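Note that chain A is present in both complexes that follow, paired respectively with chain B and with chain C.
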Partner chain A sequence: MWTYEKKLQYPVKVSECNPKLAKYLIEQYGGADGELAAALRYLNQRYTIPDKVVGLLTDIGTEEFAHLEMIAAMVYKLTKDATPDQIKEAGLEGHYTNHGVSLFYHNTAGKPFEVQHIQSKGDPIADLYEDIAAEEKARATYQWIIDLSDDPDLNDSLAFLREREIVHSQRFREAVELLKDERDRQKIF
Partner chain B sequence: MSGSKSYKPYVSPNDPCDPIKEKSYQTPPHLYMGLQKKDLEQYSPEEALKKGTLWPALFDSYKGFPRKTDGKESNR
Partner chain C sequence: MNKELSSDFRENLKKLQAIDFAMMELTLYLDTHPDDSKAIEQYNEYSEKRKDLKQKVEEEYGPLMLKEKNNKENQWEWSQGPWPWQV
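Then we have the complex of A and B:
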């Protein structure tokens, strides 16, 4: 089970009304390397990973939902008061036609989230290598969004999220090392 | 070692856009860490919550794509 804390993992502040940034950010909401994909990937893989690293996948998978919540807060702030004209200007009219200003799990090109974005191979090394790649891809996505955004407050939150991708990648790399470790192996000479 | 690396790709005289003569990519510190050593230096709890990591050895800042302001490259 989970407990919920009614606050964000890191404060989300947006300095200017720029709905276009929401269009970029939605990639991390419902995109292939986004936070939803990450959370679902880890929380599903954890059942068939060796005991030593189950807790790691649970912890990181849980944190990804906290990141998803931050992205949702950003998108919501950027779009909730946008006029239809601003929506059009931001290139969000397709989203608006279908969803109004509500959020939806799709990527920046409007492609809906699909479960094929994640994998579960049942081979611990294959799964952890996928997880490492996913963290690096999410890190890169944050870099590209920071490149596109000139909102300093938003970029501050994005820098935090990018740093978390680095820490998660490091922990997954360590998990691979733990599983490679030969200390427990019975040696016969 | 960590930070970023750069390289100079071939620039054709027929390239349609102003060439970016030097391209860079990020190489954050975790790529070089292996299993994290015990007793590394830590940030204070407040600082760690702000930075996104407890460990200075894992902190990496991203400056963003260099922007031109007044003809000069800026890292914001």
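Then we have the complex of A and C:
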């Protein structure tokens, strides 16, 4: 089961209302390499991965939900006081028409979240390489958003999330090595 | 209307977030290095250190997780805001 902890993993502050930044950030909410995709990917793969890495997939998958909450907090803070004019200026009128200022799982182009964004191959090496690639893609996306953003408070939280992708990628690389070691030990000559 | 939170609370919350971050890092590290006794020792140290801060944060904010004791006799503290994205 899961339990909720009533605090963010890392503080989220924004300098001012800025729906345009929210539009970029939603990529990490409902986009192909976003936090929802990450959480669902790892927590689904863990049932058939070798026991040695079940703990890692469980803990990283759970941390991804904490990141999803941070992205949601950012989008909420950037849009809660937005006027219809600011919404239009940010190119969010399509979102506003359907959802108001509520959040929705889609990417920055408005394409809804698709489960095809994630894979489950039932082959530990294939799955872990997919996970490493996903972390690297998410890291790159955070970098592009930081490049576009001129909000120093927001960029501090985004830099934290970018670093987490690097650590997760590193841990998944170690998991691959653990499984390779185990496989090599099982060979009988 | 959500209750106002003091600057002490914000400071303590930040410290607790820092400890919990260190513990999360050690958790993932230990998942792939389960026999590193030094990392286990660090993890246990942080586990002790967080108790005092957690108590300070919860005194003002209410419980951070369910299954803790509800301290007020006639008010359910868990569902009181502000929620994390409102802090």
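Simple rule for what comes next: the second predicted complex is superposed on the first by the 182 of 189 C-alpha atoms of A that agree within 3 Å, B and C clash if a C-alpha of one lies under 4 Å from a C-alpha of the other, contacts with A are read in each partner's own complex, and residues count from 1 in each chain.
In the analysis below, contacts are C-beta pairs under 8 Å (C-beta built on N, C-alpha and C of every residue); 3 or more make two chains touch, one makes a residue touch a chain.
Here the structure is a predicted model, which is why all the values come from computation and not from measurement.
Where does A:L78 make contact in the superposed view: on chain B (first), on chain C (second), on both, or on neither?
After superposing on A, A:L78 lies clear of both chain B and chain C.
Contact-wise, after the overlay, does A:A159 reach chain B, chain C, both or neither (first, second, both, neither)?
In the superposition, A:A159 contacts chain B only.
Please indicate which partner A:A39 is in contact with in the superposed arrangement: first for chain B, second for chain C, both, or neither.
So A:A39 meets neither chain B nor chain C here.
Once the shared chain is lined up, is A:V167 touching chain B (first), chain C (second), both, or neither of them?
Both partners, chain B and chain C.
Comparing chain C with chain B, which touches more residues belonging to chain A?
C
If you stack the two complexes on chain A, which partner ends up touching A:Q143: first (chain B), second (chain C), both, or neither?
So A:Q143 only meets chain B here.
Between chain B (first) and chain C (second), which, if any, makes contact with A:L56: first, second, both or neither?
So A:L56 only meets chain C here.
Looking at the overlay, what does A:Y10 touch: chain B (first), chain C (second), both, or neither?
both
Looking at the overlay, does A:L25 come into contact with chain B only (first), chain C only (second), both, or neither?
neither
Considering each complex separately, which residues of chain A are in contact with chain B in the first and with chain C in the second?
Dual-contact residues (chain A): 10, 167, 174.
Quick one: which bits of chain B touch chain A in the complex? Just the residue numbers, please.
Residues in contact with chain A: 26, 28-30, 33-36, 49-53, 58-62, 64-65.
Applying the document's contact rule, which stretches of chain A touch chain C when the two form their complex?
Interface residues on chain A, with respect to chain C: 3-12, 53, 55-56, 59-60, 63, 69, 72-73, 76-77, 167-168, 171, 174-175, 178.
Inside the complex, what are the residues of chain A that reach chain B?
By the definition above, chain A touches chain B via 10, 139-140, 142-143, 146-147, 155, 159-164, 166-167, 169-170, 173-174, 177.
Give every residue of chain C touching chain A within the complex, in rising order.
These residues of chain C touch chain A: 13-14, 16-17, 20-21, 24-25, 27-29, 31-33, 57, 61-67, 78, 83-85, 87.
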